[in-house]
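Once you scroll down, you'll see the structures, which are given as structure tokens.
You will see subunit A twice below: alongside subunit B first, and alongside subunit C after that.
And now, the complex of A and B:
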């Protein structure tokens, strides 16, 4: 089933400080990465979508059902993995999954089979009957995402999914996310570009002004940045001097005191270094840094 | 909500503090408490103090730690903070009920089989009431401190508050408004010396006392709920309103909830008219309160326009008839004065109808004179429960008594009919054990043994410590029954009334 999330004119403020300004977007099944600097409102948006916070104005609909009511929030249709996932240490993983299943008011007759499937899908068999306090960081994260997908929700919200995981766990986790996103809208709030690059179907960037600055695909962001990124090879001893002239976004050490740099040509002085050329392979990280830099101009 | 409560019940039960509380409870039950069940079902609750305290500490810690630990994923699932709070309260109440039922099972297995059904039911009811009121209080303290402090320090604070309540309850602090309020928070039945014959009388005051603890707990929880779920603007209104209602409630309670304590009367200083009671009939109802229609035949020895009797002021006199005519009377300071023309040499028939609650205490929780469906203690001469003359010559009594409990008296009893001559009539009922040794019948509480009673009597004879009037009777064993009953502390430990030896219960 193709799900649809519709967010319209969302505004949220704490006191007089605006955290989200006129935020609107639409999305369907797939992984949607939410990027932005610290404090721009990523977690606030996730909390609003999760029904933990109320916006001051705006609307949020999941398949035309409002998410902005505590009483009628369709909990069974949503899953949420917060950034710092933890649970009471004295209950077992199974106790917790069972509770999530119950709270979502899913059919009791399917409970045992459904939870068993989830435990297998996330390779939790070894630890599921152990107390959560004894889980490693990786298992805890797996348990976290396992609880988020209970009931095959239409919307899954994942806040900073790979923080604290080792590289191997990160890869496994990304695979899990891409698997579950086939049938749901999976919104990932992250500042780790690597998480997004390979698996995201859509990218949203919240600007420092708390508005949605970019809403498109990874390739669209790269295409946007590509014309403005140049590459040059300089002597290592000139690096400080060059830094004063251009905004370097990547440095790569070469032989004989040489460094290959990527930099943004479109800056305040619009300086172009000698022997520069267009960057052929622009990574998402390069594009993202360019985008953030361009916003500040 | 039920699902949430069951989850939090698991969290609560899987705590190490629960295991500690259980270990202490069972250790205490099987090393000490189990023996009390042979003596008194009420004594079990009284000596359950240590398990109670450990259980309360467990509830304080778990409810506090469950509440202060805020997990984002639970906020997502439960949405409202108030919902979590209610779930935590219910979860810990479930645990308390489970703990209570387990303890009740132990009570039922190990209780003395001689205890009557109603005594066992009362004992269990009392235990559960004490457990529940104390537990709900502990839960409310734990949750409320955690709701405001929001970190592990809330555990320390809640334990400190509980410690303060314990200190106020057990400590020798002076009575003032604050300490009295604080004392009302803890069920106090676990440390007071109670009357084991009466057990715990489930009176209006008893329930009012427990209700106050429950109300306070509910008040604390409601206030916490409102504070964590409402907006700032509403709080400005809600907090003072709730605080004011709580203060008003406690003040009303403080003024209305007064116990009647025993005060000795100086009877010798009262001058009475000269008369003699020739015949004394009573129609007594002693089921819930005392109601008596006393019909007294009196020979008048001097001309007088008054006739006086001692009668406790707790009663309400409904009517006084002299020779079937309504007579004026005044009643106060334990003295009933009938106003009429009483002529020397005549005989008058006086009828006095009066009723009233009898619940006079020696101390808080320690009943002295009482009338209830489960126990009766009316000691004539100590307590003027029927209109009595000051000079107590032998009177011919004839009493018809309706009561729910077994009855004992210094007068012979047959099917609720008491008949015989004595200076004063005393009626007893309650959790008594009976034993006949030779021609002497012993009526005593389960907490005592006949050997113990005999030992006290023989010691009194050896040390000649009994009152002179009683000494010869004791020495020559001229009594036919021994009744242990509650009496004021200044009365003799042993005293004789006709063929009955009263043994004062301490």
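And now, the complex of A and C:
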């Protein structure tokens, strides 16, 4: 089933400080990555979508049903993995999943089979009967995402999913997310660009002014940045001098005191170094840094 | 909208010993403490001439501190311990998400489990403690019931501040500050919010009605604090004032 999430003019403030300003977007099934600097309101947006915070104005509709009703939040249709996921250390993984299943008020007759399937899907067989306090960071994160997908929700919210995981665990986690996003809208808040590049279908960037600055695909962001990124080969000894002239976004060491640099041409002085050429391969990280830099100009 | 539904209570009952109080450890400790209190009340009841002491000195002090101060403090500490991991490990975020209605009925149920256990313990122990004055009659029941507002208040205060500041230790600190301040000032400074109105008997000296008002105020404030704590979207946000 194709799900649809519609967010309209969300505003949230703490005291007089605005955390989210007129935030609107639409999305369907797939992985949507939410990027932005620290403190721009990523977690606030996730908490509003999860029904934990209530916005000052705006609306959120999941398949045309309001998520912001004061009276009820459809927990059976949503899954949430908070940034700092933890559970009582003396509770077993299975007891925890069983609690979530019951709280979501899913059919009791399917419980055993559904939980067994989830345990297998997330390769938790080894630890599921152990106490959560004995879980490694990777297993805890896996259990966290497993509880979020109980009941096959239409909307899954994952806040900073790969923080604290080693590279191998991050790869495994990416695979899990890709799998679950086939049938649901999966919104991931992160600042790890590498993760976004590998698995996200859509990208949203929250600017420092707390508004939605970019809403598109990874390729669209790269295309936006490409004309403004230049590449040059310079002598290693000139690096500090060059740094004062242009905004370097990537350095690559070459032989004989040479360094290949990628830099942003569009800056306050608009300096272009000698022998510069257009960057052919722009990574998402390059594009993201350009985008953040362009915002500050 | 009902705060409790039959299905919520069923889920709570089903998962209490696996999720909220693993193997009932804390509940067993609470019952153990209440049993010790009961034994104490059986062995050391108030003296026969209790009423005469009241008449001569005009105060209950030190006789009633047990039920006015000591037992409510124990109950509040149990509530603190029961909810400690929620705020220490930020588990409260998870439970907030899984609250589908305006109020978190699971949170209210958890609070009530310990408060009701202590209340029952207090009622039985109190009746034994005051058996030389009144036993199994209306007076003894009223005397015992008059002790419950203190218990409700301290247990509500500790949870309210733990939740408001999202920090268990701030909740403990505020509760202890309230408790110590009331105790040191012999219950006078906090007036109608005083825990020690009974122990220090100062309201009796003016009017017994004021004492009843004090008890009712404590119960009402406890209910308000509990409801504010268990609301999914807080009506007041103390931490917001500090972030401005």
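Points to keep in mind about this one:
Keep in mind that, in the parts below, the second predicted complex is superposed on the first by the 295 of 297 C-alpha atoms of A that agree within 3 Å, B and C clash if a C-alpha of one lies under 4 Å from a C-alpha of the other, contacts with A are read in each partner's own complex, and residues count from 1 in each chain.
Definition applied: a residue touches a chain if its C-beta (ideal position, glycine included) is under 8 Å from a C-beta of that chain, and two chains touch if they have at least 3 such contacts.
Values in this document were obtained by computation on a predicted structure and should not be read as measured data.
Model built by superposing both complexes on subunit A: subunit B and subunit C clash.
Of the two partner chains placed by the overlay, subunit B and subunit C both lie in contact with A:103. Touch criterion not met for A:289: it reaches neither subunit B nor subunit C. In the superposition on chain A, A:85 makes contact with both subunit B and subunit C. Touch criterion not met for A:180: it reaches neither subunit B nor subunit C.
Once the two complexes are laid over each other on the shared chain, residue contacts for A:16 go to subunit C alone; subunit B is not touched.
Contacts of A:52 after superposition: both subunit B and subunit C are touched.
Comparing subunit B with subunit C, the partner in contact with more residues of subunit A is C. Contacts of A:156 after superposition on the shared chain: neither subunit B nor subunit C is touched. In the overlay built on chain A, none of the stretches 115-123, 205-213 or 277-285 of subunit B clash with subunit C except 205-213. Overlap of the subunit B and subunit C interfaces on subunit A comprises residues 50-52, 70, 73, 75, 80, 82, 84-88, 90-91, 95, 99-100, 102-104. Put simply, subunit C touches subunit A in their complex at residues 1, 7, 11, 14-15, 18-20, 22, 85, 89-91, 93-94, 96-102, 106, 232-233, 240-241, 243-244. Interface residues of subunit A facing subunit C in the complex, by the touch rule stated above, are 14-17, 50-54, 70-75, 80, 82, 84-92, 95-96, 98-100, 102-105.
Every residue of subunit A that touches subunit B in the complex is listed here, in rising order: 50-52, 70, 73, 75, 78, 80-88, 90-91, 95, 99-100, 102-104, 131, 144, 147.
Residues of subunit B touching subunit A in their complex: 3-4, 6-7, 10-11, 14-16, 66, 69, 71-80.
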